[in-house]
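Naming follows writing order (A, B, C and D), and every chain is counted from residue 1.
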Amino acid sequence: MKKLINAPEDVLIESLRGLSLAHPELSVDFENHVITRATPKEQGKVAVVSGGGSGHEPLHGGYVGHGMLDAAVAGEVFTSPTPDRVQAATHAVDRGAGVLHIVKNYTGDVMNFEMAAELAAAEGIEVGTVIVDDDVAVQDSLYTAGRRGVGLTVLLEKLVGAAAEEGRDLASIVELATRINGQGRSMGMALTSCTVPAAGKPTFDLPEDQMEIGIGIHGEPGRHREPIAPAKEIARMLVEPILGDLDAAGGPAIVMLNGMGGSPLIELYLMYGEVAALLEKAGVQIARNLVGDYITSLDMAGCSLTVLKADDELLRLWDAPVRTPGLRWGM
Amino acid sequence: MKKLINAPEDVLIESLRGLSLAHPELSVDFENHVITRATPKEQGKVAVVSGGGSGHEPLHGGYVGHGMLDAAVAGEVFTSPTPDRVQAATHAVDRGAGVLHIVKNYTGDVMNFEMAAELAAAEGIEVGTVIVDDDVAVQDSLYTAGRRGVGLTVLLEKLVGAAAEEGRDLASIVELATRINGQGRSMGMALTSCTVPAAGKPTFDLPEDQMEIGIGIHGEPGRHREPIAPAKEIARMLVEPILGDLDAAGGPAIVMLNGMGGSPLIELYLMYGEVAALLEKAGVQIARNLVGDYITSLDMAGCSLTVLKADDELLRLWDAPVRTPGLRWGM
Amino acid sequence: MPDTIDTAVLTDWVHRFRDAVTDKREWLTELDSAIGDADHGANMARGMTAAVAKIDAGSASTCDELLKSVGMTLVSSVGGASGPLYGTFFLRMGMTAGAAAELDGAGLASALRAGLDGIVARGKAEAGDKTLFDAMAPAVDAFDAALGDGGDLAEAALSAADAAESGRDATAPLVARKGRASYLGERSAGHLDPGAASTALLFRALADAIAG
Amino acid sequence: MPDTIDTAVLTDWVHRFRDAVTDKREWLTELDSAIGDADHGANMARGMTAAVAKIDAGSASTCDELLKSVGMTLVSSVGGASGPLYGTFFLRMGMTAGAAAELDGAGLASALRAGLDGIVARGKAEAGDKTLFDAMAPAVDAFDAALGDGGDLAEAALSAADAAESGRDATAPLVARKGRASYLGERSAGHLDPGAASTALLFRALADAIAG
């Protein structure tokens, strides 16, 4: 295992230390692994909390700041944080108007956030929850734990963060979040496995001429293995299942071509060129886009595509100022 | 070779296509591989042009925009662009006040930009040049081609871009650039080799338990090979040669912990924690920092550290608004 | 063989389970690499190390105190799917055991059953979903059956451990329908479920602790 | 053997050099992987393919037109260090050859010498720096010497090709002092210089073209 780390068990805490040194505008609770804004938002506004296993940086800690999250809770690598820590974050950022929990749809995350919401309720904090499940690689059926929450989480955090900044109430923010989740879909692929520090070796073996299609963000193998293909083909394998599940033609969309952590930007731009061409051919009007590493899977090489159907309201929220380590504009 | 590409010979042009689709605020000349702002800066201001081989994204194309570059010239992967293309960029962005060429100190880059400056002069465009040579891994002596230009290039492009935006004249901008180059140093290391698309396999073999110290940004082997070490040790190997060459103690500094393309952010933050601790212990006051992939070497895993001695003027220029795909704040 | 267990035996159980998941940490992670996210070994080792530290530092004099302390520690130190599930298991066991200094066979049986029910309440798993339920449910059933057949605590625990291991092995051919492995669809078949594997260790540790 | 070469022979030379760098592309890249940045094969193949396309499309009737066209094409299609260097070599050759339809031995000798001088003016390399200079300088010297000894064009070109190859081989033990390889310091020793290797191909192609 080749990594810029000391001991595997210290990766999370030491990475948080670096984040806190690099970003004095954030405040890190090293006990609970909670990242908050150094200057909290005004009293009376809904706070937005997200979290999950680490290894997806900049998600979630890198999205704390004006216009996006109020707090992020960082679990161990690929392991949902525990309820008490989510509760600590919720408690820390509640400004009297309730707290939105943004939860990616994994059994562990859902259970831990559920327990945290119970703890918060017991303390008198109103908690609303949105469960993000945008991954079209997984069927939402009786035979699965439901679709996974992947790339859409980034867009959703930006959009509801902006809405919360506007002073909207919790019920309307939950509604907005639910609506966003309903109109966004993602699909991912991997050229290589990632290596979990504590495991010390790649999660799966992927021969030099094979790739995994339909991966999540936890280094798990995908839905099927394919011979490695040109970018053009890969783009089709990402775009088609998304458009098969989401009727995005004819209207504006926010599109993210995301790197999994080990793929360089030169390749991500190339892939974006391929997917943008396919999307436009299918009648999707790309109104805004992100290309880069936004929700990663440690050092995995590969990429994912997210398409969110947008409208004037969403585009306005998208364009609103944001100031976080991972996304910044307008300020 | 596992890459998100089609044919190796099309990587550059197809990546430029994706960049141009993703960033309508940029304009791409596909003939010359030149990226410019879609809206040029005002007449009468110095224009700033940089360029070099591709494979270092977001450098240089990702730094075109308000407050930074006016044009970037993208050569083939790891190959300096040709003089006619540099000249085309220079011609395209000259606003009557002269053009600064920012050149990294490699034999090829220096010769090609030199010939381009001759062509521009013949056309009546005033060209000033700064040659960036910040890499302490290489001794600047009779026995080398001089120190390489690496990470400092990013900081320099930001700072002189801000100065150009202020309307300063070419002579003062060349002077500023030269001063910045004199007070910044970098050092890099690799955990893995990168793979040049046209070569199809890793540039060098690096056993699972070895790393290269003192690498540049072209996938070349470093100055020496070492057994792989904890982040703490690696941090020492980066900080010590820099501080041995640059007396940065006691004053403010701008520090960049840069990823080489294949190392995920969780590791880069961890490394930043280590180097920041060492720098502060040595009396360096980190006033501003960047942590992330800013000047890469394709898919190489590893990192580099850049330390630039700063002062009030440089910090003011640093804080000035910038709006590029790779660096953005204040607007 | 005594026909009750006290907090010392429970403490020994927790220690033995900690030892087992620590020893088998890499194996559990390997199982989770095949059909999950390669953290089950680390999760269980981290949680049980914390649980042992917690009860060793405390001085629980009743069964419920001890079991709840283990459950709370797991909930607040593991995370992931296994944290709430194993945490709930021990919490519910504790709630059912009550403030007793020892438990007889029937007492332990109903505590285990409550733990299992708690896991179902949290995770909604059913038989054949390829989860730790598929090791735990047969184990609890076998424990009850052994007692019903007149077996003593030790015999019941042994038969529960055997049933957990058979249940674990029976997860191999299954296609997962809960947890991360369900994302793999058909590709999840042919691998043991990591949670079922740790549950088999849990029941073997119990049998060993009771055997002394 | 004719004692002059015309544009047809020069064209054949350029074609043969193109074929050589295309055939040996991977080898040149491998040499550049060891002590550089793994692009010398791609650079030379790209440049010479463009140069051949350019001269085949044109109809240069004089030596300078043809050689300058090759030089300009290399300058504007290669980049890196080799682009300006090989480009300057052909440009200077052309300037020295002048608007002649053919070159005799002395004419070719002074054109080659001017090309070499152009490379030195651009790149400042000296003997032993482990660059293409270390193959080219001996080749040009050998060419002159063979002519001086009364050899004909073909003999001079053959002896230049042999000298270039010896010069190339002699770069192996050297520690580089110019170009990328110099960054490696002592680690550059033990490898052939990629530019010296392509220069050896250049002179072998010349000898073959003259031999017909």
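Methods note: a residue touches a chain if its C-beta (ideal position, glycine included) is under 8 Å from a C-beta of that chain, and two chains touch if they have at least 3 such contacts.
Since this is a predicted model, take the numbers as computed values, not measurements.
Chemist: State which chains count as neighbours of subunit B and simultaneously of subunit C.
Modeler: Common neighbours, subunit B/subunit C: A.
Chemist: From the mean C-alpha coordinate of subunit A to that of subunit C, what's the distance rounded to whole Å?
Modeler: Each chain's C-alpha centroid was found; their separation is 32 Å.
Chemist: Centre to centre, by mean C-alpha position, how many angstrom separate subunit C and subunit D?
Modeler: 75
Chemist: How many angstrom lie between the centres of subunit A and subunit B, each centre taken as the mean Cα position?
Modeler: Taking the average C-alpha coordinate of subunit A and of subunit B, the gap between them is 29 Å.
Chemist: Just curious, how far off is subunit D from subunit A if you go by their C-alpha centres, in Å?
Modeler: 55
Chemist: Quick check: what residues of subunit A touch more than one other chain, meaning two or more?
Modeler: 77 - these are the residues of subunit A that touch more than one other chain.
Chemist: Any chance you could list the residues of subunit D touching two or more other chains?
Modeler: none
Chemist: So with touch defined the way it is at the top, what topology do the chains form here? Options are line, ring, star, complete, other.
Modeler: Drawn as a graph, the chains make an open path, so a line.
Chemist: Judged by the touch rule stated earlier, which pairs of chains are there in contact?
Modeler: Pairwise, the chains that meet the contact rule are A-B, A-C, B-D.
Chemist: Applying the document's contact rule, which stretches of subunit A touch subunit C when the two form their complex?
Modeler: Interface residues on the subunit A side: 53, 75-85, 106-108, 111-112, 115, 137-138, 142-145, 148, 196, 198-199, 203-204, 216, 218-221, 223-224.
Chemist: Can you tell me which positions in subunit C touch subunit A when the two form their complex?
Modeler: Residue positions touching the partner: 29, 33-39, 41-43, 46, 75-85, 122-123, 175, 177-180, 182-185, 187.
Chemist: Quick one: which bits of subunit A touch subunit B in the complex? Just the residue numbers, please.
Modeler: Per the touch definition, subunit A meets subunit B at residues 2-7, 11, 14-19, 21-22, 54-55, 57-58, 62, 77, 191-192, 208, 211, 228, 230-232, 234, 257, 261-274, 276-277, 286, 289, 291, 293, 296, 298-299, 301-303, 323, 328-331.
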